[in-house]
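Next come two complexes, and both contain subunit A; in the first it sits with subunit B, in the second with subunit C.
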Partner chain A sequence: MGTTVKGVNNQLSSDVLAPPTERYTVLGWLVKNLFSSWYNAVLTFIAIGIVIAIGRPAIIWAFSQARWIVIPFNMANLMVGVYPRAEIWRVWCVVYLIMGLVGLTWRAQFTGHKRGIVVFAAIMVLGVLPIELAFMGMDGETIRTTSLPSGMAGVGIGGLLGMFVGQVGGERAKRLSTYGWLWFYPIAIFLVRGISSGHDILPLVKTSQWGGLMLNTIVSSTALVLGLPIGIIFALGRRSKLPVFRTVSIVFIEFVRGVPLITILFTAQVMIPLFLPEEVRIDNLIRAMIGVTLFAAAYIAEIVRGGLQAIPRGQYEASDALAMTRAVGLRYIILPQALRTTIPMMVNEAIGLSKDTSLLKIVAMMELLSMAQALTANPDYIGTQRELLTFVMVVFWLVTYILAYAGRRLETAQGLGER
Partner chain B sequence: MNSPTNLYASKATPFWRDERVLQLVTQVVTLLAILLAGGWLIRNMFVALELRGIPPSFSFLNLTSQFDIGQPKGWHIRDDPYWNAFLVGLYNTILVSFIGIILATIWGTVIGIARLSSNYLIAKLAQLYVEAIRGIPLLIFMIFVYQGVFMKFPKVDDSIIAGDWLYINVRGIYTVRGVPTPMFQTYSVILFAGLIAAAGVAWMLIRKRQITGQTPMTGLWTIGTFLAVAFLGWIILPSAPFSPEYPLPEGFNIQGGMRWTPEFCAVGFALVIYTASFVAEIVRGGIMSVSKGQIEAARSLGLSAIDTMRIVVMPQALRVIIPPLTSTWMSLTKNSSLALAVGYPDVVAIAGTVQMQSGRAVEVWFMMVMPVYLTLSLLTSAFGNWYNKRMKIVEL
Partner chain C sequence: MDSTNVREVENKKTPIIVARDVHKWFGQFHALRGIDMEVYKGEKIVIFGPSGSGKSTFIRTINRLEEHQRGDIIVDGIELTHDVKNIAAIRQEIGMVFQAFNLFPHLTVLGNITLAPLHVRKWSKEQAEESAMQLLDRVGIPEQADKYPGQLSGGQQQRVAIARALAMQPKIMLFDEPTSALDPEMIKEVLDVMAELAESGMTMLVVTHEMGFAREVCDRMVFFDEGQVVEEGTPTQIFEHPQSERTKLFLSQILH
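Take a look at the complex of A and B:
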């Protein structure tokens, strides 16, 4: 008796059966997922009908009627607008810099990913290939086969160099990547803008010559970089016990959030010259940047306020107990925790901002959308609105996708949702 | 020998380190700085406006506008004053926002539920829709819809025709329109009576539910009553209260009927398709926030799948859905200002024209357009707060 029991036990423990995996035949899968009941079958057929109704004409158009050639021919226009073609190498340098920083950050900060190299390579393909394709015709109006490999090589080298530094640099590389991103923005603006009109190496390029996707990127990153500190100040103001700060913050935040961005842009264009003395003249682009930055600041303020609300009162009490002043406590205890929890919302805000920069078209900035629209006025490219607009949509979609992906990586790197 | 009181008195906090004094001082200083800066800016503005010969005033609103607004046709012609143009623009903004909000909510709910469907194809299609649309700027999508779809419709001569009640061409979509006849006044009285009857039925059924605990289909009966009265009234009257007006091709154009301009269609379509992708995610999140145990409990109590959805899942999901939904409605209203890019005469587009013509930037933007949107958003957030208060879980 006992032996049988023992034998049974032995048998059970020696080869425990794995839980059954769900395995279906093709037909079984179809029945379960598509035709489980009569209305599911109807829904399936409706869905197939929709796919055919929309997909068929779209594919026919894309592969036989669309004149895609307009895009590579005008790639330089779409990417940098009327930026002087002789100075385009400076934009390339900024792109290489970005890739280097991405590679560095990837190796130094996001460690613990065993498949880091593979993922980074995938990112390079995912994120860089479109940029590559986009920059194809940057040297002129026609496709130059030479520019693609050289640009590609530069971007690849930049990325790999960054990764290498991140690999060997250790803790120092971590700091380098943080400071790299901090310094990247002023350096990029400096490179794009140049020094003075007579300078030999970096002649001044006026802001009226900036354009294309470059302009969108510059405006949205400016709004983020400058909007964050302003937003933090207003968020703190809104939570302040002092009535003056609170009222001012609430009025600003609610006012800006209550009106469409387009009215803020119009107001910035026509009102800023009115508000300043006659002799002060502010550049068109700067006015637009002020508008977008204030807009971003109001939304960031609300995000930061949400983050501040999530900090338990004990943290404030602890900083008081350590005899920290309010400012020191905020800097070293409250804000680091509050900002960390707001990363997902901040990424959303960055995505929203990069989409919103298309509104600059309405105030006559030569950003990507307006370049695409301007091209259709060219007699050679009449009737290519669909092609150009499709391209612009794809570019924006890729930008938002990459931002969302980087945001998810940043969340895991910061251990969000794990503690 | 010092007494303890003296000791404390000598070490009392000096006023420049007293927190209350400091707080007061910083506030006063900040207020002064803001007032000074604001005053300086506003003084500059007055100087600049004087220099241009347009001191701030609203008298320009009575000047004739010198421009026509095509939609709604005939509501504003060039001899009408500016304020009329504003009202027409406001009407257009509210019209497209209202229709957009209703359609986007319905379509977004459909997509949100489709994402949770057990049907693989439907769920994947809905997901593809949401992820594709959310990454595209609305402005570009709107221009694409306008230039790539509505402007590519056939010319008037080759209109797409369905029967004699629908014409689709590059100048818009024409449908049949009901023109009120003299009988319409009598009919509107009947409709009003139907409304009262429906309210009575609703009140009775609610009472019945409160007394007996049975759940009659209140909504269905109420709407049914109204429709029945409306239908009977139509039959009883000696002649129809509306006479149909069919669109008719005439020369290079189509006369009569109800015209939906391509601008309106493009703005409405783009707003609905875009906003629905956000509504879908809100609805999905709301439904998923209801714990599975609730559904299982409802099913084990013998409720049908529909009843489970109607009286168990939805009331709980709505608590999560409504607050973000109201802010989505608000952003749809604000986004309708992009209509300017396709030439739909909404309030921002008209304000732009007026400002260009009259040079009255301050009055137009600060005193008219922005308050309109601020009022709308305050109303929306008031509704959101009211709803939140009503629906909040009562915890002891």
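Take a look at the complex of A and C:
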């Protein structure tokens, strides 16, 4: 019966076509992106010329004139400051623990990324091994000072072990990875600090002897880990309808944000003893950590508040309609969503904080940058500022990159930016 | 299905919801101007009227999503005041379904439904999940239990929202324009669920423009305009013999 109108396709095509595939070759990419037209080609050549002109002196310096020996020779100083050399094995234990936890968390929480093992092995081989081999070439004295090769091996083993546990552990491993990080912190501090002066295995190491990259890491991680809950509390307080909480929160946030971190460090140094009785002497490092933690908490409070504002009102209404108390609603509905939204801003804060710890120099702590500067006073190494500063820059960049990478992985795991 | 139905009004003596001279202002705007309403257990009431007439505002005052400034609201014998305990007790008796669904996007369907029973009624995980699966069965989508709301269609999401509200075993269900955000194809599946719910004897207050549903299912229709109850009656009375001019005008507009 059907009369077919001309031009109308009445048949549904059953052929499902494959999407067109573009195949990339290196040459193809180069042609398409750099040399697609005559003026693009000219610009490419000019850009290459500029890069060479600027980079050439730096590269020549790096490969022929720079005295890189200063770095491996002083690696212990740069990493842990004036920490007693005989006790460095304890710091290595902490590093192994970290690697184990990282491996564990990677496999237990971020399932489905099979390439992880390959990536990790690649890092070990490409990154660590050459460094190890380079040190082997030096005299025995150097190696004993830094105890680096065995340390690196432990790092690799710790990481792989953690990954193995994460892979086979299932649900228990997942919980272990969460609580492991929580317990890790006091254990790490305990290991680094020691028990008492006379103790055989874990003698006390005073905080004035802590230094180097270890100090930066300890301070920034404490500030973030403790600053997060404090910041959340102040964020909720600022949004509270009760005037006392709101006022206290606003005053705290605006006051702490209103002064530079240096001022806060000085203030913590000077003011905290005023609030305490004569006999109680708070450790210098603890005073600084309190200052940095409160600083982080104020900024985190505003970040969390931004996340809270992004939650649609309907979510609050639905939780109210289900007769949930404010506390239950916050814990299960509002905060999970709000904190997910704030991940990029939190990573930002973490990165900023990790570098702000350089300011600890001001309160007489020998962290990484001040250590690098102090080393140039050594008569053997006069004039090595460039090498040391380059090293410090590379280390900070690495830390930043790792934090940013972790942030990106966290976002992907949470499925953000896809809906 | 109106006043001749036997299963209709079970306890004619004490209404389960009493609203007396309820007023509400939003700043200077007088949204509710003296609402008087009584709802009996097992009644299905459809509230309809033009936009801005205060219908949604009114049902939201019943479970304290909005606060009324004057008048009394009494739900199942509990008076709705500033007392937090009263509010919590009342909210446990009332389930609400929203126009925008308001599902929790970071939880699975099962998670959405079991959250309140687990943490408010303190049920065990097994109990909550069993009840949730039964409810999902009842609304017709048991296979979606482990999906996230973002993966479901609008009609499915709204049905999950209904199941979530029912999980707390409320005595009263409030519906705030439940189908207004849905495609025509999906409206039917949600209305079918609501009809089954009505059949089972639930007290329901529904704000909607679905006149077909009103005619089929409800016992009483209430016409709101400019913050006041203009007219109420059985569907037959409203559709065939509307008394007020405003009611006639509104009906003519939506029943073309």
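In the analysis below, the second predicted complex is superposed on the first by the 334 of 419 C-alpha atoms of A that agree within 3 Å, B and C clash if a C-alpha of one lies under 4 Å from a C-alpha of the other, contacts with A are read in each partner's own complex, and residues count from 1 in each chain.
By our rule, contacts are C-beta pairs under 8 Å (C-beta built on N, C-alpha and C of every residue); 3 or more make two chains touch, one makes a residue touch a chain.
The structure displayed is predicted, hence computed values, not measured ones.
**Q** Which of the two partners, first being subunit B and second being subunit C, lies in contact with A:R409: first, second, both, or neither?
**A** Once the two structures are laid over each other on A, A:R409 reaches no partner at all.
**Q** Let me test your reading of the model: by the given contact rule, A:T400 touches which partner, first (subunit B), second (subunit C), both or neither?
**A** A:T400 contacts subunit B only, not subunit C.
**Q** After the superposition on A, what does A:A47 contact: first (subunit B), second (subunit C), both or neither?
**A** first
**Q** Between subunit B (first) and subunit C (second), which, if any, makes contact with A:T390: first, second, both or neither?
**A** So A:T390 only meets subunit B here.
**Q** Mind working out whether A:R340 is in touch with subunit B, subunit C, both or neither, as first, second, both or neither?
**A** second
**Q** State whether A:K174 touches subunit B only (first), subunit C only (second), both chains, or neither.
**A** It touches nothing on subunit B or subunit C.
**Q** One more residue to check, A:E317. First (subunit B), second (subunit C), both or neither?
**A** second
**Q** When the two structures are laid over each other on chain A, which of subunit B and subunit C touches more residues of subunit A?
**A** After superposing on chain A, more of subunit A is contacted by B.
**Q** After the superposition on A, what does A:Y332 contact: first (subunit B), second (subunit C), both or neither?
**A** second
**Q** Quick check on the complex: what are the subunit C residues that touch subunit A?
**A** Spelled out, the residues of subunit C in touch with subunit A are 63-65, 88, 91-92, 94-96, 98, 100, 102-106, 115-116, 119-120, 150, 164-165, 168.
**Q** Considering only the defined contacts, which subunit B positions touch subunit A in the complex?
**A** Against subunit A, subunit B makes touches at 23, 26-28, 30-31, 34, 41-42, 44-45, 47-49, 51, 117-122, 125, 132, 134-141, 143-144, 147-148, 334-335, 337-338, 340-341, 348, 352, 355, 361-362, 365-366, 369-370, 373-374, 377-378.
**Q** Using the touch definition up top, name the residues of subunit A that touch subunit C in the complex.
**A** Where subunit A meets subunit C, its residues are 312, 314-315, 317-318, 320-325, 328, 332-333, 336-337, 340, 419.
**Q** Could you list, by residue number, the parts of subunit A that touch subunit B in their complex?
**A** 33-34, 36, 40, 43-44, 47-48, 50-51, 242-245, 248, 255, 257-263, 266-267, 270-271, 273-278, 351, 355-356, 358-359, 361-362, 369, 373, 385-386, 389-390, 392-393, 396-397, 400-401
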